[in-house]
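The two complexes that follow have chain A in common; it is paired with chain B in the first and with chain C in the second.
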Partner chain A sequence: MSVRGYIRPESVWEIVDRLAGQGVRVVAPTRVEGTCMFGEVTSSKEVVTDYLLPQNTFKEFVFPKEEKVLTYIRRPEGGYAVTEPPRAYPETVVLGSRPCDAAGIAVSLKSVFSGEKWGHEDPTFLDRLAATTIVTISCDKPDLSCFCTTMGLGPDDRSGSDVLLTRTETEDPVFVVEALNDKGVAFVERLGPLVRTDHESRYLYLMRREAGDAARERFVRVFDIERVKEFLDDPSNFDDELYARLGTKCISCGVCTFECPTCHCFDLKDVGTAESGERLKVWDSCQFPDFTLHATGHQPRPHQWERYRNRFLCKFKIYEDTFETLGCTGCGRCVRDCPVHVDITTYAMQAGAKQRRLLEIV
Partner chain B sequence: MIFSTQFHDAPREATLADAIAKAKAWLASGEVGMVVGYGRQSAFTDLTMPTFLTDPEQLEEELVWNAFCDYNLLNYAELGAKEQHRGRGGVAIVVKPCELHNLDILTEEGNMSGVAAGNVKTLVMRCSGVYETERLNAYTRDNAELQVQTKCLDCPEYVTAHGAEKVAREKAERDDYQQYTGRIADDTGIDWGVTLNRCLHCYACRNVCPSCYCTEGCPADEAATAHVTNALKMVRGIETSRQVVYNLVRTWHIQSRCSECLECERVCPVDIPIMALKAKLGREFAGEGSPGDVIGFLTALTERIVTQGVASDVGTGEPDK
Partner chain C sequence: MTQTATGTANLYVPKLARIRKVVRETHDVVTFQLELVDEGDRKAFSYKVGQFGEFSQFGVGESTFNISSSPTWKDHFECCFRAVGLVTKALARLKEGDVIGFRGPYGNSYDLKAMEGKDLVFAAGGIGFPPIRCLIWNLLEERDRYGAIIVVHGARTAGDLIYQREMQGWADRGDMHVIKTVDPGGEPDGWDGEVGFVPTVLEEHVPWILEREGRGLANAMAFTCGPPIMTKFVIDALTRMGFGLGQIVLTLENKMKCAVGKCGRCNIGGTYVCLEGPIFTADQVAAMHDDA
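Here is the complex of A and B:
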């Protein structure tokens, strides 16, 4: 059993003060303008405690939106001197992640950048992730756009997290602390007296399971992912009318991609002159018209609905087929923040309904 | 909000049924080939998605009109030119009164936007305010009370619908309205270097802007901003970032054509106060006219707006700086 004790509700965010004192970079939900976002904090006073899900994921702390890959300078004697920036990353604790983000970043994104399935390893991501401890707090309720249970996760899912804190639904609620791997155990040890052990861990485990089950009840399964996958697996559906009908609504911005915990596409850009300059790795989005634009001018996805089809396929088929992890963890950010309220679950529901109708006819 | 428009007195549709009747007649006579309207997002919410209808029978089933119709359908006005090209008249678009100014811009610049009176017909709805739908979401837990967008408080139609007294009270009570107007008047509390570098370069503000219609050659796109950022560094020795250049170029580019519909602020995933930036640019460069030397102008822009020194530390997740 992984239960290590419990933390009193009022002490949870004191973790920030304790860790900041030890020189650790702490990333937690904090207030930016009118909204709540993951950001670096140095004191528990900066933390937003009544959040449901921060607007961004903590992806940018392991996969920065803009990163220098190398710098070059022409040598006077001829040729170029190329230097890579040092790969030393500070120890980081992400406090207050949610299960959807932890699974999306530490499992799905990792399956892409570790190269296990396709042979291209990204050490900058892996080194950053290795230096990061992910402390997840279980959800107790969804909002209108959450659909993690549809994707096979849940409000108390452990995948990707190093430590999981779950608030019990008892009269005197406490946060049950579970250390899920060695990194998690080391983290809990650093917390010292904040983690109390005067309850029996078997009791805490049962209370935690009960809270998780109760929370799960409050989540709705929106569509049947098996049906959607069947629909996408059938190549004859590639030109289905569904794609053009729903995809035309998309205005081709990158909000959904940049807020997504599993979107990983990036572009390499050389900035500078023949004398000196640098190569940058920047986030890219498959929704942009210049994504996949060939040097010849040929664009294999000339219409916006074709780009949206690509995103839909990537989330529910390509990710699973290529990296064998979830392409979508159901965090719902793309649904919440779409400027024109395009809802990927509506899309999936309609795809699934089409598949069901086909099965009935057969 | 700007209301001077040649379409100011366009007839209003009092109810959705009136609009549907009109659209049906247009579709039947072939005056329009498609109706662009608001349709239901899903069975679970009142939120709306854009919907494109060609069959008159679908109109009653699909179209909705409620306070969740927050975005601007004139973004799809270029479909009008396409429909006309196909020989099907044009499109009929459901618009809110506050969006008529955008129609003004689009038809005035019709040789570029492709929008002409012949290919875009409007169904102007009588509007009593649209909600801030982000309050429905998860980031803050105050889902309970929905309120109308800040732009609605300045709208004459909203005042007509709810009475001047109530609107004045609402303006005084709402912190977000006070903050919005306060920032436009005085931006000294905003650290522009930090704020603009929060930008994700997602282009939501540009793509949602009803005054933007170009499909290529945008002066604010990826390649152009990277080039300008580089040129600023090489030619003038100014260290800035693509994020800063993007925001300055885009905001300047729509400066005179902005209808203050606040769509850009609504969709920005990192809540950059774009209208405050626009107001600041207006103050800084009042009376200076259009710049001839682009790099020189951008140097002035970055120097005057982002005075907080070097703004190249762009990645919030970048530890080694």
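Here is the complex of A and C:
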């Protein structure tokens, strides 16, 4: 059994103080310009404790928005000297991840960068992830946009996490501590007396399971995605009317992609002159018109709704086909924060409904 | 390379390649003959016909080009590009001895085995010729393994036709048909080639040549690369001639950045061109979502 004890509610965020004292970089929900964001913290005082989901994911700490690939300088005798930056990354603990983000980043995003299926391992992502311990806190109060249960995950799902903390819904609630792998065990050992062991593991496990089950019942955005993939697999549905109807209002801001735990698209860009400079790997978005624009002027996706169609396909088909992991973990950020209320779950519900009706007629 | 937990080299760091020779094919198309600068890199380097690479001018960025030479050429490799965007315009200004970045080879390659004993039709348009040209040079190394070879290559105007210095040599061999064409209006005075779009010229010439020299349509294969609109009409023309979609091979040189299935740019529906392509049969392409 993975249960290692429990932490008293008032002590959970003391972990920050303890780790910061040990020289560990701690990433936790914090306040940035009035919004709750994952950010580096050095004290429990900086932590936002009454959060559901920070507006960003902690993706940027393993897949930076901007990462230097190389620096180059022209040699006096001709040619270039190319140097890679050192690949030494700080030991990092993400405290207060949610199951949707842990699965999205440590499972799905990892499947893209690990090259498990296709080769081509991206070592900077993998090294950063290897240096990171993901401590997830189970959700107890999903909001109207959360839909992880529909995507096959749940408020207490373990995928991608190293440690899972679940608040019991008992009279005297505690956070049950589960170490899910060796990294998790090592982490729990570092917490010392913060983790108490005076309750029986079996009892803690049952209470933790009850809390998870209770939270699962609180999801509102629940729908059937069974036939969605089937709809998307059929190339004749690629021109279905739903795409233009639902996507025309999209304003191409890209917020859905930048907030998404599984979006992996990036650009490689040079900054500098022919004499010296850097090559950077920077986040990009399939929602931007120049993402696919060829130098010849050829544009495979001339309309914005075609770009959102690509995003929908990526989340519900391409990810699964290409990387064999979940393209969407149901975190709901793209639903919650879209300025014009484009809603990927509406796409999924309508695609699924169309597929079901179609089959009834046949 | 830095040794770390994974211990592998950074995917996006290019090797250095020196430009041995610059060939100005047309006013805006350039061929580079290249060799890797590092001797160890040079010795370890090999590629298969039809693969591509990422070529970069430091300070400007990378572009994706087919490796347009035959892998049987041991002393150098080539790329050929049209100066049309930021990177290609910067590359086109370089001269012999300059050093560029190169990553690759990437992608799949043409299946030479499948072509043995077959009559081969090639249809190339504009800057779509290099990915066809590398294959033809490779085949010519062992000419007797293949049946008839028909090459139809076209461009907007006579001044846009590339590899002209090589085409005469191919035509003079006497064991292949080389047909050049320009779009209507693109022919200069005294033009000795065809006038018409590649698909039309293909349909005018291929049937009678195959009739005379071929081994039956079932034993033919066609290869095409060019602008999307040309490719579409080439497939239509070949289909009218009786080619099955499985006998038509395309190379889809889509826009790419990483070339290794991570940057999310080259997918056509659910197919990553860089991972599963760039070479596909037309029936594979027909099964894709129409997103190219």
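Structure notes:
Everything below uses one rule, namely that the second predicted complex is superposed on the first by the 360 of 362 C-alpha atoms of A that agree within 3 Å, B and C clash if a C-alpha of one lies under 4 Å from a C-alpha of the other, contacts with A are read in each partner's own complex, and residues count from 1 in each chain.
The rule is simple: contacts are C-beta pairs under 8 Å (C-beta built on N, C-alpha and C of every residue); 3 or more make two chains touch, one makes a residue touch a chain.
Keep in mind that what you see is a predicted model, and the values were worked out from it rather than measured.
Chain B and chain C, once both complexes are superposed via chain A, fit side by side. Once the two complexes are laid over each other on the shared chain, residue contacts for A:P90 go to chain B alone; chain C is not touched. Of the two partner chains placed by the overlay, only chain B lies in contact with A:F63; chain C stays clear of it. By the touch criterion defined above, A:T322 reaches chain C but does not reach chain B.
Touch criterion met: A:C253 reaches chain B, while chain C stays clear of it. Of the two partner chains, neither chain B nor chain C is touched by A:T49.
When the shared chain is aligned, chain B and chain C each come close enough to touch A:T273. By the touch criterion stated above, A:C36 is placed in contact with chain B alone, chain C being left untouched.
Taken over all C-alpha pairs, chain B and chain C come no nearer than 10 Å in the superposed arrangement. Shared contact residues of chain A with chain B and chain C: 86, 88, 269, 272-273, 277.
Residue ranges of chain C in contact with chain A, taken from their complex: 1-2, 4-14, 16, 18, 37, 56-62, 84-86, 88, 97-99, 101, 227-228, 254-255, 257-258, 260-265, 267-270, 272, 275, 287-292. Taken in their complex, chain B has these residues touching chain A: 41-42, 44-45, 47-52, 71, 75, 133-134, 136-141, 143, 176, 198, 200-204, 206-208, 215-216, 221-223, 226, 229-230, 234, 241-242, 263, 266-267, 269-271, 273, 314-320. Against chain C, the residues of chain A that register as touching in their complex are 69-70, 72, 74, 78-80, 82, 84, 86-88, 112-113, 115, 118-124, 126-127, 130-131, 235, 238-239, 263-270, 272-275, 277, 279, 281, 284, 286, 291-296, 298, 300-301, 306, 310, 313-314, 317-318, 321-322. Chain A makes touch with chain B in their complex at residues 25, 32-37, 39-40, 50-56, 60-67, 85-86, 88-90, 92, 143-146, 220, 248-249, 251-255, 257-259, 269, 271-273, 277, 282-283, 285, 288-290, 332, 336-337, 339-343, 345-346, 349.
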